[in-house]
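First comes the structure, then the notes that go with it.
Note that the chains take the letters A, B, C and D in the order they are written out, and that residue 1 is the start of every chain.
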C-alpha cells in the first residue's frame, strides 16, 4: 500500500513528527552516479521557502543514503534514502487533538486506526513525506536522462527526457502573484492548478487497459496530498469539442501531430508527442480562518483555529513533487520497455 | 498489465474482432448467487442501442460462465465470463489499414507491436472489452449489496452500497438531447461528462499514499477507453476556492459534513459521505467527418473518412462502465478492510 | 492467487468437470509464431497415455486460441488458450461426496468454500488444470529458444535454452518399470522423483532475497498438485557434506565450475552452469486400495474405495508440467533482465 | 524484488558493511504492542553466540523503530525497523576481491551488477540481512498470538499459533554436538537440516495453485541464504511410499488425521493438523579449508583461503530465521482470510 511500481519500485515510510521519513527504491539500475548535490535543486524547490504563501517551517532535508549506495554510485541493491525530521513542534497539534480538522485526515485516521494513530502533524498522511517522493524523483530523472540514444530510433528523441511542472493558476488567476495576494488579503488559503509537460518521451510506453500511461500517472499523482483532479491534453474541455476538432492529425512518419489534444497519449500509450497533463491542488486545509468542526470531547460543533505553520497555497510546492512522481512512473515504464538498461 | 486489484482481482482479455472477449475474476467470495438475468440491465445500458448517437452494431452480449460457477453460485475459484463477438465486419477496417486513424491507437499499436497487432476494430484497444468490465462490475455490485449489516457500526450505512453514474453534460450542454442534436447537425462526434455517486460506503476504505481511494479509482477509470480526466468532489473548481470555502465542516459524530467538496475522500480515505467524482469522455475518434492523417503507403498526409459503425457520442455508453470499474475497486477495498467475507 | 509472474504473467482458471479450463498469458512478446502443432508433444507427454500406471481418461486437449493470436502469431495482447473438458464422468464423484477422500482437498475445500465448491473431480484443485500450465510452458519454451544470440556475450550460451525433466525414481527404484510393477502388484499407487535440468541459461537471472531463482521456481513448482518437496543441486545431501566438498570451484573466466552442487544457483542468481533441481511427487491419493476416512453423514470413520479413473503414479505425468512451470518462471526472468525483447 | 507479501508486506534493504540494514513492514495492524524486549530472544538466538560453530562477530542488534510506531504501539502506517552495522572489518574482504569465493555470490554479483556492487562481506547478499527478517518475524509472531479466539470455530485452535524450528541433523548426525565436532576436527564447515513445526494454525489458509501455502512458504524460505531444499511432511520419503501408506486418514469432524504425511497441507491449503516442513542448509561457503577458484587478475585458477569471521555451521543460526519467514507468510494469509483484524 506504500509501494508503487513494477520494476523501478518505491516503498515509502514515515510520519511528520517521527524521527525520520524515508524511501527505499528497488529495481534501480546499478552504476547510476549520485551525490547529495543532485538533490539540492528539487528539494529546495519543494520547500518553496522564498515564495509568498509557503510555510516558514525549515527542514534541513539532507538525503542520507543508507543502503544500495557505494563509491558514489548505486549498486543495484535497494537504494534507501532517509531524511531526518527536525524542527517539529508537536505541541501545536496536541492542543487540537479533540477537534478533527476539516479537510484533513484526522477524523478518518482516528476511525480507521483507532487510538493508535500518530496524529501529530498528520502523521503518515503528512505532506512531509513528499520529500521522499522528490528524492526518488531525482533518481528517476537521472535515469531518464541517461537513456542511451542508440536504443532510440527517432533522432528527435535524443537528448534525454525532460519533465517540467509549473503553476498555471492560483485562485482562478493566471497571474500567480495576484492569486496569492487575494488569499493573503482574505487571510485564507487558496488552491491552484499545476501543469506538467514531458518532452522527448519515446513512443510506445504503456499498455491498453490497466497499465495505460494515464492509469499509472494518475495512480501516482493522487498519492500526492491535496490533489483532487487530473486531466490529460485537452482534458475536461474535450467534453465541449467535436471529434473533428479534438482528433490530432498525424502529419509525418514519426507520428507527430498538428495539435496535441490527446496530451501525448492515445489508447493508453505514449505517441511521441509531448506528454501534457494538469492537476488541481485544493486550498491548504489548514487555513488561518476560524472554522467549525465536531469536538469529540464536548460532542458538539465548535469554532476553532488551526495552529501550527502552514502554507497559504500548497500548490506552490507541488511542481517538484509532480515531476517526481511522473519521473518515477516513466522510469518504470522505460525499464519495462527495455529503454533503460538494468546496469548503466 | 491486464490484471487489476489485490484480492478481488480481474484479468481482462480479448479483441474487437476475435472470436471472444472475456474476464477472469479471482478472489470473488464463494456462495454469491448469480444468473444471466443479473447482467441484463447493465449490459443493455452499455449497448445504449435505443439512444440517439450510439452505434447500430448489435451484440448479443450473453455472459457465458465457463469457470468458478456451480449450481447457480460462485465457487470461490476464479470466475471466468466470456462473450462471443458476433456481427463483426472486419472488411471495413481492412480498407483503411494504410492510414492510422487520428485519435485511435492505430499508429502507436503498430509501432509498439510491429506487424503483429490485430488491427481490426482497434484490436485489444477496442471499447468492445468494456463488456467484460461491465460483467465484472455486476459481480462486484452484488457483493457490495450483500455487505452484512452486522459488520457495520453506523446504522445509516445499512441497505448496501449504491453506485450510480449519469451523464451531466454533452457537447457543453446540460440538456443532453440538444448536445447530441448539435453533433448530429454538424455530422460530427461529440464529448461529454459523466458523474458517479456512491452512497452508503463505509468510512475508512483506502490508505495514505499509493492505495488512496482516488489513486485506485483513477487507475481503473483511465482503463476505460476515451476517458481523459477525472476530478473528485469540487475537483478543478477547487483551484478557485479559498480553504475556508472548500473545507467540509464535520457536523456530527458519524463524520457527516455540511458540504462535500472533498467528494467523500480525505487523506485518500473514504469519510462516510457520498463518494462523488466526474470524468470527461472525449468525442468518439471515429467521427463521420472527413479527416487528415499520414498514409503509410503513400508517405504523405491524405484526407480520408473512417468507415465502420461508430457512436456519435461514446459518453452515452460510459455510465455502466464507470459504475463497473468503481464497483470493482470498492469490492477489493471492502475485502481488504474485511467488510465483505471470503465466503458469503 | 491464480496469477503468477511479473512481466510474463499467467492467469489460470477452470475446474475438472466444468465446460473448459484455460489460461491467459499477459506480457507475451508480440510476433511469436505459434500453431497447434507446437503443443502436441508436451500435451501428449502430459497425458502419459501409453505408459503403465497412467489414467485411461482420454482428453482431446486441443488448444483453442481465443485472444491475442492473429495470423499465426502472438499480437502482444493477452494470449488466452482454452481446453474443453470432454469425457467427464461426474457420477463417479457424486457417490462419494459424503466421504472426504484422504490426501485430496475435499475436506479443506468444503471447510474453506462451504457448500459452494465444485467438488466434482477435485474442482479447481484438479490436476486437470496442469494442461493449461503445459500450454503456457510451450509458449515460454518457444520464447526461450528465440533468445537472440547477439544479446548474449558468452558464445557457449548460444543455441537457446533447453529444459528437460525426467523421472529418476519410482517407489524407491531407479529402474522405473520395476517401481511401477511393485505398485501394480500391490494394487496401490506410488510416488516418485522427477529431476529437471536447464542448459544454456544466461548468468545473472534472479535477485537476492525475495526474487531468488530458487524462490520463484519453488513458488511455481508447488502449484503443481502432488509435489511435496524440492531441492537444488546437491539438495538434502548437502546436509551431510563439508564446505570444502560442497563448494563448486570456479575454473574459468565464464564462471564454469568443476562440480555443480549449487545446482546452477548461488546467492539466488543463476551462475551459468546447468540449473538442476529435483522434486518429489507423492503417490496418487486416489489409490485403488480400500481406505478409511470420516463420513460427514454418518459422523463416523468408515472404510470406502475411491472410484473414478486415476493414475497409479502421478509422477509419470509430471515431467512436462515441471518443464512448463520452469519455462514460465525463466521466461519472466529473461524479460526482466532484458534478454528477451518485447517484440520478436 | 525485495518486497514480499500481499497485505502484511515486508520490504528489505541493506548490506553487510553499510551503515545500517532495515525492513519496512506495510499492512501491520494498528495497535500491536511492541517493545525492544520482544525482540531480544529471537535476535539472540540468531546470533548463536554461545554455540560451537558460530561466528565470533558480535552485533549489538538493537532494533531502532523509525516509523509506524507511537506510544509503544504500531500505528497502522508502515513500521520500519533499522539495525546498525557495527564491528565490520571490510579490510578482510578487500584482500580477496580479485578471487570470487566459491559458493558465494561474488562471481555472479560482479557479472550482474558490474563494478558497482558493494562486494564487502557479500553486500546485499549477506546473511546479515536476516536480522531484519527476524525482526519482522517477531512482529508477525505477536500478531499470530493475538488471533482472537472468537474468530475461530474449533476450540482446539485457541491459544495462539506457535512456530518452532529446531535443528534435527548436522553433518549427517542427529546428535548435533558430534556433527559439529566432526567439522571442527576436519577444520571444515558443515551443513544441516532444520525442521519447523507450526501448531494451532486454522484450517483453510492458502489457495489452489499460485497461492498454495507450500508455494508461499518455499518462496520465503529460499530467500534465506544457504537454503537449498525444502520438503513438507513426509517430503522426499513420499517417493518411496504407496498411496495407502502416505494418505492421512481423517478421523474426526475437525479434520484431524491419524498420521501427518501431508505436513498439514493438502491441495495447497492448511488442514488444521500441524504444519511441518524441513529445510536443508548447505555448509558455510567460507570454510577454513584452503580452496581453489578463478583469479580475475592473474586469469588462472589459484589456491586461497577465505579470511574474515565465519560460522562453521550456518544451520545453527537458521531456526529463528526460518520461524520468522514462516510467521511472515502466515500472518499475511491470516489477514487475507480475515482471521486477524486490521486494527487490534
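Definition applied: a residue touches a chain if its C-beta (ideal position, glycine included) is under 8 Å from a C-beta of that chain, and two chains touch if they have at least 3 such contacts.
Computed from a prediction, not measured in an experiment: that's the story for all the values here.
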Higher-contact pair (C-beta pairs counted), A-C versus A-B: A-B
Most distant chain from subunit C, judged by the mean position of its C-alpha atoms: A
Separation of subunit B from subunit C, taking each centre as the mean of its C-alpha atoms, in whole Å: 37
Subunit A and subunit B, separation of their C-alpha mean positions in angstrom: 26
Centroid spacing, where centroids are CA-atom means, of subunit A and subunit C in whole angstrom: 43
Contacts with 2+ other chains: residues of subunit B: 1-3, 12, 77, 112, 124, 208
Residue ranges of subunit A touching subunit C (in the complex, touch as defined): 6-7, 77, 208, 336-338, 341-342
Residue numbers on subunit A that touch subunit D, as the complex places them: 1-3, 9, 11-15, 18-22, 24, 26-27, 30-31, 66-71, 73-78, 80, 82, 112-118, 123-124, 343
Interface residues, subunit C side, partner subunit D - complex: 1-4, 12, 100, 102-105, 107-109, 111-112, 122, 124-125, 129, 169-172, 183, 186, 188-193, 203-204, 207-212, 214-216, 218-223, 225, 227-236, 238-253, 255, 257, 261-263, 266-271, 280-287, 289, 291-294, 296, 299, 301, 315
